[in-house]
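We just call them A, B, C, D, E, F, G, H, I, J, K and L in the order they show up, numbering each chain from 1.
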Amino acid sequence: MIYVLNGPNLNRLGTREPAVYGSATYSDLVDICESTAEDLGVTVEVKQTNAEHEMIDWLHRAADEGADVVLNAGAWTHYSIAVRDACAMLGGKLVEVHISNIHTREEFRHHSVISGVATGVIVGLGFDGYRLALEHIAR
Amino acid sequence: MIYVLNGPNLNRLGTREPAVYGSATYSDLVDICESTAEDLGVTVEVKQTNAEHEMIDWLHRAADEGADVVLNAGAWTHYSIAVRDACAMLGGKLVEVHISNIHTREEFRHHSVISGVATGVIVGLGFDGYRLALEHIAR
Amino acid sequence: MIYVLNGPNLNRLGTREPAVYGSATYSDLVDICESTAEDLGVTVEVKQTNAEHEMIDWLHRAADEGADVVLNAGAWTHYSIAVRDACAMLGGKLVEVHISNIHTREEFRHHSVISGVATGVIVGLGFDGYRLALEHIAR
Amino acid sequence: MIYVLNGPNLNRLGTREPAVYGSATYSDLVDICESTAEDLGVTVEVKQTNAEHEMIDWLHRAADEGADVVLNAGAWTHYSIAVRDACAMLGGKLVEVHISNIHTREEFRHHSVISGVATGVIVGLGFDGYRLALEHIAR
Amino acid sequence: MIYVLNGPNLNRLGTREPAVYGSATYSDLVDICESTAEDLGVTVEVKQTNAEHEMIDWLHRAADEGADVVLNAGAWTHYSIAVRDACAMLGGKLVEVHISNIHTREEFRHHSVISGVATGVIVGLGFDGYRLALEHIAR
Amino acid sequence: MIYVLNGPNLNRLGTREPAVYGSATYSDLVDICESTAEDLGVTVEVKQTNAEHEMIDWLHRAADEGADVVLNAGAWTHYSIAVRDACAMLGGKLVEVHISNIHTREEFRHHSVISGVATGVIVGLGFDGYRLALEHIAR
Amino acid sequence: MIYVLNGPNLNRLGTREPAVYGSATYSDLVDICESTAEDLGVTVEVKQTNAEHEMIDWLHRAADEGADVVLNAGAWTHYSIAVRDACAMLGGKLVEVHISNIHTREEFRHHSVISGVATGVIVGLGFDGYRLALEHIAR
Amino acid sequence: MIYVLNGPNLNRLGTREPAVYGSATYSDLVDICESTAEDLGVTVEVKQTNAEHEMIDWLHRAADEGADVVLNAGAWTHYSIAVRDACAMLGGKLVEVHISNIHTREEFRHHSVISGVATGVIVGLGFDGYRLALEHIAR
Amino acid sequence: MIYVLNGPNLNRLGTREPAVYGSATYSDLVDICESTAEDLGVTVEVKQTNAEHEMIDWLHRAADEGADVVLNAGAWTHYSIAVRDACAMLGGKLVEVHISNIHTREEFRHHSVISGVATGVIVGLGFDGYRLALEHIAR
Amino acid sequence: MIYVLNGPNLNRLGTREPAVYGSATYSDLVDICESTAEDLGVTVEVKQTNAEHEMIDWLHRAADEGADVVLNAGAWTHYSIAVRDACAMLGGKLVEVHISNIHTREEFRHHSVISGVATGVIVGLGFDGYRLALEHIAR
Amino acid sequence: MIYVLNGPNLNRLGTREPAVYGSATYSDLVDICESTAEDLGVTVEVKQTNAEHEMIDWLHRAADEGADVVLNAGAWTHYSIAVRDACAMLGGKLVEVHISNIHTREEFRHHSVISGVATGVIVGLGFDGYRLALEHIAR
Amino acid sequence: MIYVLNGPNLNRLGTREPAVYGSATYSDLVDICESTAEDLGVTVEVKQTNAEHEMIDWLHRAADEGADVVLNAGAWTHYSIAVRDACAMLGGKLVEVHISNIHTREEFRHHSVISGVATGVIVGLGFDGYRLALEHIAR
């Protein structure tokens, strides 16, 4: 099982700042992840939440199952040490993904509190970042 | 519709540090907002939550409706980039309000992560700040 | 008596960076303040100066009279501790006003040396900020 | 009544980074607190949550009851000003506890936003820190 | 044409800090890139240099040809604004790749002067990062 | 043997800033430590010095004996790396104690150069902090 | 019309720190500017003031006339945002000039609040900097 | 001739923040300086201005006369590099005086841009600081 | 002999970011320098390199010949202390030139490691900066 | 009784860096203090030590006696919080004195950890600073 | 084999800033190294380059041979992470040498990016530093 | 006479953190220094103290005798400006020695307050650093 976990405001893809995130919607994202998983012969569960505690619970579950995780923590990326601590418990791979290139945006988006406990990070490649993360884990 | 959204601990007004916030209660605040709205001939919905995800959901709804927002994000003002990102989606006006003068308090209260996506900010004028924010939006 | 005091370059409103400040002129601003005062039944004196010492003298006078002040210190906001010290002498209310949202502009405009001695601050609501400040004081 | 409140990821004790936190579990921690309370002749309620809003609600209740609190805010220690503000409302004692020595870990764990409103802090003494905190309050 | 350009010390892969970079060699890396390119039906040219001026010349050529670039600038990532400026001239895509997770290493490796002009960044996924970068460009 | 070592100005307890440290004297502190030790069935030696070299010598002796140490290094806490280095030699436990809550005092008191080599730290619990430290070591 | 505007203490050239500024006087500077202007066939008006408000007024006039400006703001260079704001209104060219090389002097002289709104800057070339600025504008 | 020059807001002594500056007035200060001068057999000229340019002019005159100066630059102390530059021209002694102890006040008052070009500084000794400065110069 | 030395990427003028640098090419720049030199009756040698060591060698030669140098070090301006050290050996004049106004660009372009050893600096005046530098040296 | 206490290396006056401190010796300083005291009709005790603990003991004694202190803490000024804490216990006046102008020396000498608990500070007036301090206390 | 590797501008010894580096030349340095080696009975190869890539290549060769290195990286010391990374590959000893005392020079020379991967560092002992480094390695 | 002076905790060599300092003892160090001195035909006096004042006294004596000094100030290296000031009085050479490579240890050990007044520094070469320092002085 690979979990694809999405943080706050990502349910708004397509509506939210299309200049930054493109016009494809969250449900398009789910489709891409699921069809990629199918192609790769792996099982994937794609989820989104605006609640920090729900994200933490999902990460605990993934830790219990030894599952791999693709994580776009959204804005929490920059301050939620609670999410980071939950990530640190994972036994499987953790690939951090950001749709836009956070390094070309506001200064406070340049730093991630999660990268230090991730396996790797994919930034700025749009929805394709999720696909690449899944391919990496599947290999 | 104008949403008046209040963040963590603001349900404790009157009890919480009266030296800083005065002795009027949260329900007094709701009354002031509602009667001001009535005077101005606008509809207002006043809400409070201690849960970041609930605040984000309310902001998403306001964005969908193109509504204006008066926001006192309480302590989230200083770190919740998730709330900021939700604010950035608003099509209507966003007036950030703080009851006390945050610039005369602890250093960490001097910076707001929300101001950068707000229309304007009213600080230190007590409950009257909400009234002025509503008047500004109504005009 | 309420003094509405404006600092450097504000006499250029309408001409100065209309993208930031709008096309209304300083004399429009004076009109708004005066008609607001009339509506509120208070006396107002609206003044502008490019000279720090003149601003300081006006603040001394306001201190002597126990008057309230609406202050847009313009660029001095960010460095004139001399103006701050004069503000600290006021016995009446001091509402700091900025026409544009200084938090969305250059980094050096994000900090005000005056807010620490003000009653409150209104930022980014255009000329309406003056009107709201007068209403607050009049109440 | 003394509340022993635990923040995010602490339900994972025993599983979570045993090199840092030891192999005893959260339920061992509850036992230690409860048996200490019994020895001291005080009533204790031990709780854990991954949700910031739930922690805030518990702190509000403690404030209403004038109760003392032993708080291990976990990762929130380092950024949740909302939790700090709720702590500031307490009328009883507040002893901040950390199981591991946060000063020997990552730089971002060296600073607590809560200590400034606590009665005192106990760091690095393992589960025994809870016991000592209860003893201190009981005396 | 897609250029895969590698900066200083990357010719030492396999010998250099195997604990960090693994034991596969630079020539293994070339093979992976070339076979991936073949699979994808694209042409790739894989090169390595320890000379900043040679890297700049290659980037100029890529800019002239409107080619896409996969760039692992090695240590230059952290200080060579000259390489950054050459990258900024590219008309095609630029995917920045790092073999190891630079965010878990020394503080000075956490900042890249190149990310600000890249399309995206892939960090910490080993040689697979190159493969993913090529796939992204090829799609 | 447990050493309770006190640094500069602590011989002035009772006289020194009673608003911060209370009115109990240094000799009261010695009594508390000694009676606690008796209760716990351990031997304790309580000492105070204003001389850094004497403190270092005592720590060396404790290191030689493999003894545990309760240390209130007073102002040295914030700058004496020499005392820190001596602490680093200890084989037994080292509990750092501060009578007042240093996190609610001047900025320069928020950082301890000693915590990084201590087992744990107890802050702000008055003389009781010594008692708790002894209990912890005795267990 | 080209205005050559000089800020505080520049009337003291020749007397002021000759080791830094040379022994030529302010009136020599005026002569150089006027004769250069004559050579170039342009009209120039050279002025100096120690009063910030006078400088601001001159800049307003230049803005009204769409004139070009050569500005040596002296010490205001480093803190007068009011002068900067007046400069930002200019429609013509603004060449910032400094007689000495400010980058080889005290740290606080290395930063100019004006350069960000200037067309260009000439530093360290003595009085010749004014001549070059005039030539540039005249071309 | 010794000049005793006072900067902004010092004409308000006695009225201004008596808790900080005491209740004696500016005219009391003039008297103290003049009678001290008489006792010492020196001539003194005591002046105050809120205008930076006037202060600069006075300093230029003192420089021309080779006179000594006692300077309380008030708030300019912390930012007016223009006043500093004028001070740097003095051939006589320059004693910087502050009535209150600026090191026990706001952080931004701890730094003086003038001290680096002064002969010496007297801080926190009230009006007596002027007397001592005059005595020092007279000796 | 006057050397006009250009650093990395400047061979790309005309192609490189025309919005910043204009559409004139490097060969236009050479022409301007050479014709200016002819007008001034001086000999000039205009060179460009992307290799730091070549630039250093040229500066050594200029030092040996006691020649003057006009230097646009491009991106090296911001980090190449090696180029700075070579500049420090020059006996003749060194005029640092930048085509664009580096103070209106990214933060990291605001600082030059070379200015501290230059005679003077000309910024933001386009190719004309080279002409003015040559005129200054020729005078 | 007024104590004049001198810290490390001040016994070397006359020998130590005469360019900075002049050629008068420590014993000259004692003479000046004693004869000033005689003139003022006060008793003075002038002491010097290189040992922090001895200085702390002297300050404790002065605190016990309610005596005033003139303190030149030498290098401790910049780091000895232990000396600061002892100073904070004084009931009498504390005048901090520095012979040289510490603001024109190395950056690390610009900050004093003692000024925050002193009555006032006299800097840069040579041995005369001691005399003025005694006069101030005697008045 | 021991390599003695010298970075940019060191070929200019004797000519370059003799006040800092003395009048002995680079060829004198080579002689000293070679005769020291002869005395010690070791083989030494002394080289200098202004090209970063050449230095990197030499370090790679030394790594392959397991040779010891004496390195004076000149200005690269302060920014070339590429050279640092090459140093990190060495299996033998690496002694970093600086002829002048970099700690008494400009602030930016106080930090070395290389020291963190060196065996040791010798600073400020002139050419003798090389001799001592060779002796150390030979022992 | 050459003094070899050692600061706090160095009497513990062999016992103290053998992983960092090796297992040789302080008395081994004395032997190495004395036998080296004998070989070099110079007189050496090797001393150690944990008392800052004793170190200062020894440095004063060395200054009086015009002697050279080899100094390992231990932890004082990083904060004792008093020791630095005593070092600044030396007429002979001062070679600062550190046994371990302080640049590979904690951040706070990277800075020495003494290097700025030393002739040179030897770091990380173990006890051999003392031998090299003596050889350098003897030459």
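Keep this in mind: contacts are C-beta pairs under 8 Å (C-beta built on N, C-alpha and C of every residue); 3 or more make two chains touch, one makes a residue touch a chain.
Quick caveat, the model's predicted, so the values are computed rather than measured.
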| item | value |
| --- | --- |
| Selected pair, out of C-H, H-J or A-D, that shares over half of its residue contact pairs with A-E | H-J |
| Rotation, 0 to 180 degrees and nearest 5, that superposes chain B on copy chain G via CA atoms | 120 |
| Numbering shared by both copies at the chain C-chain B contact, with half separating same from different | same |
| Rounded Å distance between chain F and chain J, as computed from the means of their C-alpha atoms | 30 |
| Interchain centroid distance [CA atoms averaged], chain C/chain F, Å | 54 |
| Intercentroid distance (Cα basis), chain J paired with chain E, Å | 62 |
| Whole-Å gap between the CA centroids of chain A and chain F | 47 |
| Junction residues of chain I - those touching two or more other chains | 51-52, 79, 116 |
| Touch relationships between chains, expressed as pairs | A-B, A-D, A-E, B-C, B-D, C-G, C-H, D-F, E-I, E-K, F-J, F-L, G-H, G-I, H-J, I-K, J-L, K-L |
| List of chain A residues in touch with chain D within their complex | 51-53, 56-57, 60, 63-64, 79-82, 84-86, 88-89, 113, 116 |
| Of all residues in chain I, those that touch chain G in their complex | 95, 101, 103-104, 110-112, 115-125, 128-129, 132, 135-136, 139 |
| Complex contacts: residues of chain C adjacent to chain G | 7-9, 11-12, 15-17, 49-52, 54, 74-76, 78-79, 106, 108 |
